[in-house]
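Per-chain residue numbering starts at 1, and chain names A, B, C, D and E are given in the order in which the chains are listed.
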Amino acid sequence: MVDKTNKTGAPPGTLVYFGDKQTDRVKLSLIEFNETDFIEKEFYDLSECLDHVDTKMVRWINVDGIHNVELIEAIGKRFGIHSLTLEDIVNTNQRPKFEDYDNYVVAIMKMLYFDNELQSEQLSVVLFDGMVVSFQEAHGGDAFDLIRNRIRLGKGRVRRMGADYLAYALIDAVVDCYFGILEKIGDRIEILEEDLIEEPTKETMRQLHNMKREMIFLRKAVWPMRELINNMERSETELIKPTTDIYLRDVHDHTIRVIDTVETYRDLLSGMMDIYLSSVSNKMNEVMKVLTIITTIFVPVTFIAGVYGMNFEFMPEIHSKWGHVWGYAFAWVIMLAMMISMVVYFKRKKWL
Amino acid sequence: MVDKTNKTGAPPGTLVYFGDKQTDRVKLSLIEFNETDFIEKEFYDLSECLDHVDTKMVRWINVDGIHNVELIEAIGKRFGIHSLTLEDIVNTNQRPKFEDYDNYVVAIMKMLYFDNELQSEQLSVVLFDGMVVSFQEAHGGDAFDLIRNRIRLGKGRVRRMGADYLAYALIDAVVDCYFGILEKIGDRIEILEEDLIEEPTKETMRQLHNMKREMIFLRKAVWPMRELINNMERSETELIKPTTDIYLRDVHDHTIRVIDTVETYRDLLSGMMDIYLSSVSNKMNEVMKVLTIITTIFVPVTFIAGVYGMNFEFMPEIHSKWGHVWGYAFAWVIMLAMMISMVVYFKRKKWL
Amino acid sequence: MVDKTNKTGAPPGTLVYFGDKQTDRVKLSLIEFNETDFIEKEFYDLSECLDHVDTKMVRWINVDGIHNVELIEAIGKRFGIHSLTLEDIVNTNQRPKFEDYDNYVVAIMKMLYFDNELQSEQLSVVLFDGMVVSFQEAHGGDAFDLIRNRIRLGKGRVRRMGADYLAYALIDAVVDCYFGILEKIGDRIEILEEDLIEEPTKETMRQLHNMKREMIFLRKAVWPMRELINNMERSETELIKPTTDIYLRDVHDHTIRVIDTVETYRDLLSGMMDIYLSSVSNKMNEVMKVLTIITTIFVPVTFIAGVYGMNFEFMPEIHSKWGHVWGYAFAWVIMLAMMISMVVYFKRKKWL
Amino acid sequence: MVDKTNKTGAPPGTLVYFGDKQTDRVKLSLIEFNETDFIEKEFYDLSECLDHVDTKMVRWINVDGIHNVELIEAIGKRFGIHSLTLEDIVNTNQRPKFEDYDNYVVAIMKMLYFDNELQSEQLSVVLFDGMVVSFQEAHGGDAFDLIRNRIRLGKGRVRRMGADYLAYALIDAVVDCYFGILEKIGDRIEILEEDLIEEPTKETMRQLHNMKREMIFLRKAVWPMRELINNMERSETELIKPTTDIYLRDVHDHTIRVIDTVETYRDLLSGMMDIYLSSVSNKMNEVMKVLTIITTIFVPVTFIAGVYGMNFEFMPEIHSKWGHVWGYAFAWVIMLAMMISMVVYFKRKKWL
Amino acid sequence: MVDKTNKTGAPPGTLVYFGDKQTDRVKLSLIEFNETDFIEKEFYDLSECLDHVDTKMVRWINVDGIHNVELIEAIGKRFGIHSLTLEDIVNTNQRPKFEDYDNYVVAIMKMLYFDNELQSEQLSVVLFDGMVVSFQEAHGGDAFDLIRNRIRLGKGRVRRMGADYLAYALIDAVVDCYFGILEKIGDRIEILEEDLIEEPTKETMRQLHNMKREMIFLRKAVWPMRELINNMERSETELIKPTTDIYLRDVHDHTIRVIDTVETYRDLLSGMMDIYLSSVSNKMNEVMKVLTIITTIFVPVTFIAGVYGMNFEFMPEIHSKWGHVWGYAFAWVIMLAMMISMVVYFKRKKWL
C-alpha cells in the first residue's frame, strides 16, 4: 500500500530495485518472427542471447525479472537505453507513463492480479526500430502468454505487422486484464449487494471498506494509463507507424471504459456504505424500541401493584366488604386494561 | 450492471458477441429512397440483399441482430469496415463513441428502455458515401420505426437530404428516447417525493436507492454522447455535409439538456435521501420520547407507593388517627399531583 | 419540475408547443423608432403587422404568446428563420442558448419569477439586420415594459443605437430580473437563519428543502446564460457591432455575479441544513437526558422503599426499639440523601 | 450578506448608489509627484481640483466617497470614463474585475476589514496616461495611507516610476490587507481549535458556523482577484509598461497564496465541525450510558426486594426459623452481590 | 500553521524576515568544480567569498541562513537579483514557485521534515550562467549534503554537467525528501488502521485528525511543485540546456507521483474516519442494548412481585389452602418462566 523505501539522495539514474523476490536467475526469452518464420529461445545470459539476434526479423526480448540490476544495466548499455529509463524500469513504485527518446519509446505499466486482494506487477515495454524489449517482475504471470501463442500460431495481425504493433499488443494485453479484474470485482459487488439487502453484518461492512480501498488503488493504477495512451498517440516518434494509430485509438477507448467502470463502482460502493450504515442504525433502533415498549408497558401496572401494596389501614378497595371479595379481581382488571390499552395504542401508532 | 465476460487476450479485431439472445436469424431490411422514389425490402441473406441495392438512391441497410458474427464479418468485408469497428459493433459493452475512417464514419450508441428498470440496447450507425448501415440487437425495439415511417410517407426533410441526414436522424432518435426516459423517471421522482412527505417507509428508501443506481447507469450512457456529437461536429470527414452541421448542433444541444436533467435528478435524489434519513430518525426519536415520558411519569409515583408499602411500625401518615382516615387519600393526592405536574411541565416544554 | 411530454420521434424542425395556456389570441406589438421618431402599434394578424413595417427605422416586433404554432411558422417563413430555431422558440423546455445563422442570431432565455415558488417563462430574441423579433409566453409579464418605456421616452442609449443594442437591452433585462429574485431569496434566507437560531421547527426544515430545490432549478436556468453571453461575445456575426461589445462584456459580468451569488446561497443553505439537523438532534438529546435523569434519581430510592417493604420477621431498622421510633425517619433520610447526592453529582458534571 | 436593491430595469449606464453612508461631502485629494517634486492638496469641488492639476507630473486623484453620483458623473465626463465603468464604480455590489478601454483601464476591488465580523468596502482604481483616479467609499479607512506616506517620504520605487506603478501599488495594498485578515482569522481558528479539544460548547459551534460563513464571503471577494490580475497581465493596453509586469506577476502570486490559505482554512473548519459534532455526540452518549448503568444496577435488586415484599403465607427465607434470624441479612447479601457483580462486569467491559 | 506577521503596506521589494532563528551568523559555503577539479570553502563574509570565486568552473554558493537581511541584499546587488526575488527568498511564507528573469531563474521550494509533526523549511535555488546560489534557513538540515558528497566524490553526472544540472539536482533532492515523508506517514497510517480494527479509542481519532491536518499542509506544499516544474520545463530561458530537459521530465514525474500518493492518503484517511465514527457508534449502541435488555428482563417480574405484595384480603394464590403451600413456588415459577422466555426470545432475535 505504501511506497516503501525510496532512495532519497541517490544520484538520479542510479538503479535500485525495491521489490521482494530477489533470489532467482533472470530468464531472457527471445522471440524472432516475420510473416513466414518464427524462432523462440530462452537464455540466462545476455551476450549469449544477443548472439542469436537476427536483425532482419522483428525481435522481442522478454526479461523475466528485474531484480538483477547489473543485467538491466548491461541491457541498457547495449541498446542505448537512458539511465533514467532504466531507473524507472526497476523501480516497482513507478507511476504508469510513456516517454519517447531519440532511439526508442518506453511504456511503463502496472499489470494487476485480483486474488482475494489486489496485487500489482510492473511491466515495461521498450520499443526500438524493429525490436521490442519487455521487462517484467520475476514469475510475473502469464499476461504475455496469449500474445506469445498468437505469434507461435501465426494467428491475428501480429506476425504480419512490425515491432510497433507488437508493442501495442502487449499494452492492449495489460488493459484487457483490467477488464477481467473489474468483472471479478463486479461479481463481488453483486454478492455484497444481496448480503446488504438480506442480512448486513459487520463482515459486510469490512468487505465494503476493503473494496473501497481496492478501488482507490485500482484507480491509482488505471488513471495514468489514459495519459500514457494519450501521450503515445500524440507522440511524434517515427517508431510507431500510422497503421498502428488506429489500434492505439482502440486501446485508448478501452482505457476510458475501464476508468468509467471504476468510477461507477466507486459510486455504487459509496451508496452501499450509506445503505449499510442506515440499515444497521435502523435495526438497532427497532431493537431499542421493542425493549423500551416492554418496559413502558410494565412500569404503570407496577405502580398500580405498588399502590395496593401500601399499608394504609383503610383502603376502600381492600378493606371494604366489596373490596374483600372483588378487590383483587378489580386490581387485575385495571392492570390488564392498562396493559391492553397501551398495546392497542402502540399497535395503532404502528410502533409495534 | 457489471461488464460481463471480456475476451482478455483474444487478438484485437476478433469478433465476440456478449449479449444473451442468440437463437434467431438476422433480418436485413433495406430501404432505398430519393426525393421521388422509395423501395423497402427484407432479407435473411446478405448477397441477396446486395443484389437489390441501387447505388443511385440513398440506401439504408438495417441489420436487426448482431449475434450472427459471420454475417457481421461478411458485411464488414463487403463494405470495407475495419475489423476494430466490427469488434465494437458486436461488443455490447461498448462505450458510446464516434470514429471516422477513410471510407466511412461510425457512431456507436446506447438505446435505453425504462420498463421498471433501465435496460440498454446497443445501436451502431455506419455512414458511407450515399449509404447508411445500422446495427441493432435482435428485437431491438421500435426506435427507428418513426424514421422509417417518415421515409415511407415522405414527411420531413429526410427524403430530400442525403445519407448524412439519415444518419443524423437515427442519432437524433436515440437522444430523443432519453427524454422519454427522463420524463418517466421524473414522474417517479414526483411520486416518491409525495410518499416522502406523507409516509416514508423502508420501501421508499429502497426505491430511492434504486433510482440513484439507475441515475448512475443513465449517466454512464449519456455522458459519452456529448463527446460523440462533439467529435462528429469537429470531424473533418467529407461524408457529413455542411448543411447537416446545423442539425448536429441541435442534437448536441439536446444532449446537453439530457445531461443537465440527469445531474438535476441526481441532486434531487440526494436531497430526498437526506430528507428520508432525517425524517426516519425524527420519527423514531419521537416514539422513544413518548415511551420514555410514560416511564418517567410512573417511576416517581411508584416510589411513593413503595414508601407507603414499607413496614415501619410507626409511620404518621399511616398509623396516626389522621392517617387512619385520610392517609390513603393523601397518598393519592400526592401521587396524582406528581403525575399532573410532570405532564404539565412536559407539555409546557413542548416535549409532549 | 420535470420536462414534460417530449415529442420523441417527431421529425426535427416540427413545431410542438408544450406550455399550458392555449386559449388566447396572440398579440403582435410593433415598435419602430430611430433617434427622432417613434411608432408603436398592436396587431392580431401577421400580414397586417408587416404592412406597417418601415425598413428605414429600427423595428421591434414582440410576439406575445407562442402557443399559436401556425403564426410562429408564418413569421419564420416570412423572415427566413430556420425551422430548428422555430422549434426551439416554441419548446418551453429549451435550455438557454445563443446561435448564429447566416441572416440572424437568436438568444433563447428563461425569465424567472419568484412568487412563493420559482416560475419560469421562455423568452426568445431574434436579431436581424435592423430588426428584433422577440417571442414570449402569453401574459408573459412585464419584463420588457421598462425597455418599452425607455424607447417611448427616448431615455438612455436605446433610441440612438441600432437593433443590436436593443437585443442586448432585452437580454440585460432578463439578467437584471435574476438579481431581483436573488434579493428575495436572500431575504428569505436571512429570515430562515433567524428562525434557525431561535426556534427550529419541522417547517424550517421543509422551507430549507424547498429553498435548496429552488436553487437547483435557478442554477439550471442561470448557468447556461454564461455560455450564451460567451458565445454571443465570441460570435463572428456582423449583426452585432463592435460598439455593443462593451455592453455584452457588462452583461457577461452580471451573469457571473448572479452565478457567484447562486453558489454562495447553495453553500449557505447546506451549512444551514447541517446546523438544523445538529440542533434538532441536540434538542432531542437534551430532552432524553432530562427524562432519563428523572428515572435515574427515582429508581435507587424505590429500591430502598422496596427493601423496607420486605416482610422479614426481624429487620433491625424496623423491629428494634430504635427502629420503632426512628426507622421511618431514617429511611427518609437515606432516600433523600441519595436523591440529593445524585442531583448534586449531575449538576457538578453539568448534566443538568 | 445579500445583494440588496438592484436597479432592475434601469437603463444600463445609469448611476445608482447602493451603500448606506450618504450624508457627507465628498473629499477629493490630489497628489502630484515626480522623482524630485511632490504636491498634496485636498478639495471639495471638482473644477477647483482640476485647476491645480499639473500634467507634467504623475497625478493621483483619490475620491473619498462614491455616494455623490453627480460628482462621479462629472469626473467621468471630464476624463472620458465610460458610463458602464461609472456604474460599476458606484455599485457597491460589484464583483472585482479588470477592464481595459481605449483611454484607460479600471480595476474594481473589495477592501476587507475584519473587526469581529467581515466588512467590505469597494475600491476602484482607474489608470489613465500619467494619472490615477481612485474611488473609495466614504471614511473608507487607511488602506492607501501607507502608499501616500511612501510618496511623501520618497521611499520605495513609487516616486521614480510612473502612474502604472502607482496603480499597481494600490492594488498590491488591497491584496496585502487580505493577509492581515487571514492572520486574524488564523489566530481565531487556533483559539477555536483549543476550545474544541478542551471544552466544546454551543458557543464553539456558533463561532465555527460564523467562521465558515465568513470564509464563504471572503472567498467570494478573493477568487475574482486572481482573474483580475490575470486579465491585467494579459491586457494589451499600453498604459501598463513592461517594467511593471514583473510586479504584477508578484501580486498575482500573492493572490494565489491568499486563495490557497482561504481553501486551507475552509478544509480546517470543515474538519473542526466534524470533530465538534462527533465529540458532542460522544459526550451525550457517555452521559446516557452512565445514567442507564445506574438504572440497570438498581432494577434487578428492586426485583429481589419486591420478592420478599410478597405476602405469601409461607416463604422459607422469611417464615422458617433460619429465615427468622438470617433472612434479612441473606436478602442484603444477595442484593449486594448482584450489584457488585454488575459493577465489576461493567468495569471489566470498560463500560464504566 | 497560520501565515504569521505579514508586512502589510511595506513597499514591494522590502526584505522582511519572518522566521524564528535570528541569532546565528550566516555561513556561505562555496563549492567550485569541473570534471577534473573540485574546491570547497566556507566563509562568513560575502566579499571574502567572492574573492575566491573562479569563473571558469561551475560555482555553487550555499547561503546557510536567510535572517541576515543585509547580507541577502548585498548578494542580490552583487549578482543582479531583482528585489522582488530577494523578498520572496527571505519571506518564509512564500508559496513554491519558479520565475525566470533576464539573467537568472529562481525556484523557491519547501523542504519538509516529519518529526512527530510536519515542519517546513524554505529553500531557494537561483541559477545564473555557470553559477548556482542556494538559500536555506539556518540549521536547515542536510538535504543538500548528499549532493555535496556526490560532487566531492565525483560520483554521478553532476561533475560532468553544468550549473543547470546542479540546480536540477537540488530540486530533485527536495522532491525526493517528500517520498521519505510519505513513507513515514504511510507507516503511521498502517499502524492506525490496525488500531482502528482492534481497539479504536479517542486517541485514535485525535491521531486521525492530526494526520488529516498534516495532509492538508503537505498538499499545500506539494501541489505548487507541479506548477514549478511545469513552468521550468516550459521556460524559454537559455540557462537550462536541452540536455537537462530529460531530467526535468523525470522530476516532474516524481512530483505527480507524490501528489497521487498524497491524494490517496487523503482518501484513505477519510475512509478511516468514517469507519472510526461508525465503529464507535456501534460499540456504544451495543452497550446501550445490553443495559436496556437487563432492565427489560427485570421490569416485568418486578411487576409480578408487586402483585403478590398487594394487601388484598383474599388473593387465591396466597390465601387458599393450595396457595398456602404452593403459592410462593408458583410465583417463582411464573417469574423465572417470564425471564427465561424473554432471554430465549432475545437470543433468537440475535439481540443478545
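Going forward, a contact is a pair of C-beta atoms (placed from the backbone, for glycine too) under 8 Å apart; a residue touches a chain by one contact, two chains touch by 3 or more.
Every value quoted in this text rests on a predicted model; they were computed, and no experiment measured them.
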Intersection of contact sets, chain B vs chain C, gives none
Between the Cα centroids of chain D and chain E the separation in whole angstrom comes to 26
The distance between the C-alpha centres of chain B and chain E, rounded to whole Å, is 42
Multi-partner residues in chain A (2 or more other chains touched) are 281, 288, 292, 295, 299, 302, 306, 309-311, 315
Ring walk start=chain A dir=chain E returns A, E, D, C, B
Per the touch rule above, chain A residues touching chain B in the complex are 145-147, 150, 155-158, 169, 172-173, 176-177, 179-180, 182-183, 186-187, 189-190, 246-247, 249-251, 253, 256-257, 260-261, 264, 267-268, 271, 274-275, 278, 281-282, 285, 288-289, 292-293, 295-296, 299-300, 302-303, 306-307, 309-316, 349, 351
Counting only contacts in the complex, chain B reaches chain A at residues 1-14, 82, 84, 88, 93-95, 97, 99, 101, 202, 205, 209, 212-213, 216-217, 220, 273, 277, 280-281, 284, 287-288, 291-292, 294-295, 298-299, 301-302, 305-306, 308-311, 315, 317-319, 323-325, 327-328, 331, 335
